[in-house]
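Below: one structure, written as C-alpha cells.
For clarity, chains are labelled A, B, C and D in written order, and residue numbers in each chain start from 1.
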Amino acid sequence: MSSKPLNLAIVGLGYWGPTLLRALVEVEGVEVGWLCDSDKSRLERSRRRYPAARATTRIDDLLADPNVDAVVLATPVFTHFYLASRALTAGKHVFVEKPLATSSAEADQLARLAEMQERVLMCGHTFIYSPPVRAVKELLDKEALGQIYFVSSSRVNLGLHQSDISVVWDLGPHDFSILLYWFEEMPTTIRAVGRDSVVKGITDVAFVTMDFPSGILANVELSWLAPSKLRRTVIVGSEKMVVYDDVSVEPLRVFDHGVVYEDPETFGQYRLSYRTGDIVSPKVDTVEPVVVELEDFVAAVCAGASPQGHIELARNVTRLTEAAETSLEADGSLVSPARPTLLGRRP
Amino acid sequence: MSSKPLNLAIVGLGYWGPTLLRALVEVEGVEVGWLCDSDKSRLERSRRRYPAARATTRIDDLLADPNVDAVVLATPVFTHFYLASRALTAGKHVFVEKPLATSSAEADQLARLAEMQERVLMCGHTFIYSPPVRAVKELLDKEALGQIYFVSSSRVNLGLHQSDISVVWDLGPHDFSILLYWFEEMPTTIRAVGRDSVVKGITDVAFVTMDFPSGILANVELSWLAPSKLRRTVIVGSEKMVVYDDVSVEPLRVFDHGVVYEDPETFGQYRLSYRTGDIVSPKVDTVEPVVVELEDFVAAVCAGASPQGHIELARNVTRLTEAAETSLEADGSLVSPARPTLLGRRP
Amino acid sequence: MSSKPLNLAIVGLGYWGPTLLRALVEVEGVEVGWLCDSDKSRLERSRRRYPAARATTRIDDLLADPNVDAVVLATPVFTHFYLASRALTAGKHVFVEKPLATSSAEADQLARLAEMQERVLMCGHTFIYSPPVRAVKELLDKEALGQIYFVSSSRVNLGLHQSDISVVWDLGPHDFSILLYWFEEMPTTIRAVGRDSVVKGITDVAFVTMDFPSGILANVELSWLAPSKLRRTVIVGSEKMVVYDDVSVEPLRVFDHGVVYEDPETFGQYRLSYRTGDIVSPKVDTVEPVVVELEDFVAAVCAGASPQGHIELARNVTRLTEAAETSLEADGSLVSPARPTLLGRRP
Amino acid sequence: MSSKPLNLAIVGLGYWGPTLLRALVEVEGVEVGWLCDSDKSRLERSRRRYPAARATTRIDDLLADPNVDAVVLATPVFTHFYLASRALTAGKHVFVEKPLATSSAEADQLARLAEMQERVLMCGHTFIYSPPVRAVKELLDKEALGQIYFVSSSRVNLGLHQSDISVVWDLGPHDFSILLYWFEEMPTTIRAVGRDSVVKGITDVAFVTMDFPSGILANVELSWLAPSKLRRTVIVGSEKMVVYDDVSVEPLRVFDHGVVYEDPETFGQYRLSYRTGDIVSPKVDTVEPVVVELEDFVAAVCAGASPQGHIELARNVTRLTEAAETSLEADGSLVSPARPTLLGRRP
C-alpha cells in the first residue's frame, strides 16, 4: 500500500456523506474510487462535484471491486450493522458514521468481525478529533481543573428529526463519546427522561443524567426543538471551570474561579469564600476535525491496525446510548450501562 | 389606615434585607419605623442609609410597638416559620422572604394562622412581579406559543452557598414559582439529582425534572457553582419558542420557529419541515419587580385582604421544593409533590 | 447559447478564486473550461478539486480558445485593467473581482471597451447580493426607517495586508458599494485619515467620512489590524434604527427606537422624549451571495446585456475609493469624489 | 479636620447628582450637610432618601454656612464656572462635575482661583477611577502592548440630548480624559465632523479623530442616537490588542494578537504573518469608580492639596473639547488643541 494511493468508496451521500467526501479530497494519499447512494439525484449531485469517481446505486459494485481498499459508510443508522458486516466480510476496511450500531450486541459483533477479518474498523466520533475537545483533555490530563464536580451540557437545535431513531440515538453519542474520552471511565448509572413532542413514538427532547465512579455528575440536554443552536458544555472543577462552546469563535474558555473552603478557626462554622480570577480563551487549532479523523483512518489502514482504544470507546458509546434509551422507555428509571437492565427490577 | 402612612418594620438586614429597605423607601404611603438585625454592624450600616428609623437587635421591641402595622422578614430560611408566626400572633401583617417555610406543613400552618388572625401574609416570590415573566404569562394566556412541549431552565452562578439549606431550597423556589404562575398547574411528578460538591451534606448543584398534567416536561438546573451567572429559561411551544434571560438587556425573545408536520400524501412517510421566522425582542417594562411586589403588599394591607391566589402559590412552591428535596435524598426517585412520598415505595 | 452550457475560464486561484470556482460549480448552465494561475501549486490544488477543467499558467491559452465564452478574473488589483482589457478585446465576457480598476480613468475606459465590444462586463461587488444588504434596501425603499441621519460602519479584522494597495482600496469598496446601492446618491465630499502602522507606505487602518446630498453622514472604519472580526453597520433613521452585522447569526436587527421632538407648548423650551420599542431580527434568506452574483453574470451573458446600473455603480466605487485615497495622502483634506481633487486647493 | 467628619453640600440633584449623593453616603468621614436644587420636587425626592441633611433651593444658604467644608456641583455645564467660582471665593473646596468649564479660558481661571484661595478643586472625570481604565494604564505603563498604533472608541446610546451643549461637550470629555490619562500626551491635531440630526444647532452625533505626538491615531464616535448602548474602546498595539468595554461583565479583554513583519530573506518582498494567541479577560476590581473618586476628593481636602496632575488633565480635557467643537463648526478642519484656532487659516 506504499506509494499507491488508498482507494476508497463512499456509501451514503445524504446529510453527512458529502462532508466526508469533501474532506476525503483533502487527505493525502487517498483517491475516491466509488460514490454510492440509492438515490440517483443525490448521487448525481456528488458526482458533479467529484467527476473522477465512478457512481453506482448498488453497493455490490464497489464491494466486488478488488481495487477498493476501504469503505466509508454514511448511511442511516439502522443499516450500519448490515452494511459494515458486508464490507468487512468482503475484506474491506470500514469507517462507519456514529453510532457504530443500533445495539451493543451488534457493536460487539462488528468489533469481533473486524478482528477476525484483520481489517480496520473505525467509527466516526468526530468530536474526539475536535481541537477544543482535545484541549480540554489536556487540561484534564494535567489535572488543571482540580477535582471534577460536574458537567452540564446542552446539544440542541431546530431539526433534523430522524424518522427511525430518537434524539438520544442521534445526538447522544456526541456527548457520550466526549465524556468517555475525557474521563476514561464508564458511568455506573444513567437516567433519561424525554418527550415525543412532534411525532408520536420518536423522542425529540431528552434530559440525561449520569453518575461516574469518580463522583462526577453529568447532565446532558438533547433536543431537535430549540430556538437556536447550542453546543455548550460546562465542566466545573474544584480549581477551575471550563466552558466549551462549539459554535463560538472562542470555543474554549477557562475560568480561574472556585470556592475556597476554610476550616472553622474556632468551634464555629466553616467559611466559604469565592475566588474569581482571570478568564482565558486559549488559542486552539483550527484544523477541521473530520479531516484529521479521516487521516487517522487512512493512517490506521496503512499501518494495518485500528487506533488504540478507539473501537472500545465506540462500543461503550453504543452501550451508554442503549442504556439511556432503556431508561427513557422506563420513565427515567435508573439503568446500569454495564448491563443495560433496569436497576431494582431484577427478580 | 386612610392617609396615615403605613408603618413597617424590617427584620433581617443581611443579603436581601437592604434591597427590600431601599425598595420600601420608593413605595408611596409607607414609612419604615424599625430596622432590626441581631448583628449590630449590619444594623448600623442600614441605619446610616436610613437614619429616620429606630434600630434594634430584638424583634420584641417592634412586635410590641402598636404603631407597627406590618413586618417584613428577610431572615434565614429556618427562622421564617417562627418569626412569621410570632408577628402574625402579635397582630401584624407579614411579608416574608421566599420560601414561605422549610416544610409544606409549616407553610400550611402559617396560612391558617394568617386567616385566623385576619392578617395579610405574603411571600416574596419576586419573579412573579418581573416584567418579562409577566410578558410570558400574557403570551401563554393568549396561547401565542401553541401547545407547550417543554421548558428548560438554568439558574446558576458562583455562590452564595447557604449553610442551612440546599441549592434546591435556595434557588428552586424561583423557578417553581415562575412555572406555577405560568402554567397554573401543579406537576404530577418531580425528580431531582444533585451533588454536595464543596460542603458535605449541602447539595450545591441539582438537576430537577417535572411532569405537568398537560404534558409539559420541565428541566431545571440549579447551582451555586458556575463560571458565570445564568438566568435563562427556554419555553418550546408548537407555534413559537421563547427565551427569557433575566440577565440580558433583552430579557425576552420570541422566536417564530417551529416544526410543521405534514401528513403523508401517499402511502409513504409523514414529512417534517422547519419554519424559522422573525425573532422579536418585545419591549418590556423596566419597573423594579421588588418595588411592585412591595406596593402589592401595601395595597393588600390597605385593602385588608391577601392578593388572590398568592399564598396558595407560595404553599405549592414549598410543596414542590420539599418533594424535590425528598427525591434528591432518594437518589432521584420519582416523587409526587401532591403527597411528597416516594412513588412505588408504598407498602 | 441556448442549451449548450456556458464555457467559463477562471483566472487567479489565490485567496478568492477558489471560492468563485466552488460557487461556479453550483451555477446551472455553466461549465468551467479552464483554470489559470501563474503559480503551479495553486493551480494543482484547484485542479485536484475540479479535475474536469484544463489547467494552464498562461492566460493566452484560454483567450485563444474559441470555446471560452467568458472569463472570471480574481487576480491582484493592479492587473484588473490589463487582463480585463485583453479578455474583452479577445471577445470574451468578463467578470472581474472588485475593485474594477485602480483608478476611475481605467474604470471608465473598461466600461467603454465593454460597450464597444458588446460584451458583458461585471464587477464582483458581492455584498450587493447579500440577503441582509438587500433586506435593508427594501426597508429604505419603503421608507420604513424615516429620514436617514447617519451611518456608522466598522469593517475590521486581523489581516490580510496587501502589498500593493492600502486598506482603503482593499476593504473600502465593500462599504462604498453598499452605501451607493442603498442610498442611490454619490457623496458630495469624502475625507480619510489613516496610518501605515506595520509596513511603511501601506495604510492599514483608516477612518473615512462622507457627506451625502440628502444630508446623510457616513463614517467607515477600515482596518487590517483588529482583535476580532467586525462587519457591522449601524443606520440611524428618524423612525427606526438598523444594525447589519454580517458575521452574526442574526445579520439584521431593526430597532423601533427613536426620539420624539415635542414642540414647546408654551413659550418654553421644546421637549424630547425617547421611544424604545420592539427589536426585530427579520428572517433573511440564506442563499450564498457569491452564487447569486455569478448566476446574475451568467444570466446577463445569456441575455447579452450587462445588469442595469451595475457597471455605473462599480465605476462610482472606484471614483469614491480614489477620492478617499487622495484625501488620505493629503492628511484628511476634504475631497469631492465627483472630481477627485482637493477642495480649496484650486488656484 | 482630624476626627470631625467633613461637611459637604451637594448642589444639583438632576441626573447625576443623586448618584453622587448615594456614593457620598458610602464614603468614610463625610457628612452631607446640605442638599440644594432649584427644583423643589427633585429636592424633595433626594431629601426623602437622605432625611438627615438640610434642603434648600438657594445656593447662598450653604455658601454662607461656615460648617460647610466643601461643595459638590452637579449642575448644568454652563453654570460650572459661575458656581465653582462663587464656592471657591466663599472659601469652600470644590468638586465639579465634568467638564470643568465651557471654555479653556474659564477652566484656566478656575484653576488659578483655586490656587489663590488655597482650596482643592477637582473635576469629576470618573472614568480615571474606573478599574478597567486603570488596568489598561498599568498595561501601558509596563509597555505590554508594544507600540500603540491606534485607538478606536464608540460612546453611543439613545439620549440624553442636552439642550445647551453638543454631544461633543457631553460625551467627549469621557474619552478625552481617558486618552490623556493613558497616553500622557496632548494630541497635536484634532478634527470633528458631525450632524445636528434632531434639534437644529445641537450636534447629536460626531466622529472625532486625533493625532498624538507619538504617532497614535485615535478615532472617537460620540452619539445620543444609537440602537443600543456602546462604551467600547479598542487599542491596537504592535504586541497586543485590548478591548475595553465598559458595559460588559468582562470589561477588559487582552488579545495576544499581532502581525509579524519578516524581513525579506533574499531580494524578494517582505513577508507578514499573523499571530493569534490566547485571549485573556483579567480580573479587575469591582469597586464603584464614583466612590473611589469622592474618597480621593475627601483625602485631598483632608491633606489640603489637590491630587497631583488632576486639574491639569481637566484643563486639557476642556482644551481638547473646545478644539473639537471649533473643528465641528468649521466642517472638520484641522485644529490644534494647544491653540484652538483653525490651522492654515492664520494670516
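Convention: a contact is a pair of C-beta atoms (placed from the backbone, for glycine too) under 8 Å apart; a residue touches a chain by one contact, two chains touch by 3 or more.
Source: prediction; values computed, not measured.
Look at the CA centroids: the one farthest from the centroid of chain A belongs to D. Between A-D and C-D, more contacting C-beta pairs join the chains of C-D.
The distance from the centre of chain C to the centre of chain D, each centre being the mean of the chain's C-alpha atoms, comes to 39 Å.
Centroid to centroid, with C-alpha atoms defining each point, chain A and chain D lie 54 Å apart. In chain D, 228, 276, 279 are the positions where the chain touches two or more neighbouring chains simultaneously.
Here chain C touches chain A in the complex through residues 25, 48-49, 51-52, 228, 249, going by the rule given at the top. Only residues 149-150, 152, 154, 158-161, 163, 191, 193-195, 197-199, 205, 207, 209, 215, 217, 219, 221, 223, 225-228, 234, 236, 238, 241-243, 253, 255, 257, 259, 261, 269-270, 272, 274, 276, 279, 331-332, 334 of chain B touch chain A when the two sit together in their complex. The touching residues of chain D, when paired with chain A in their complex, are 250, 256, 276-283.
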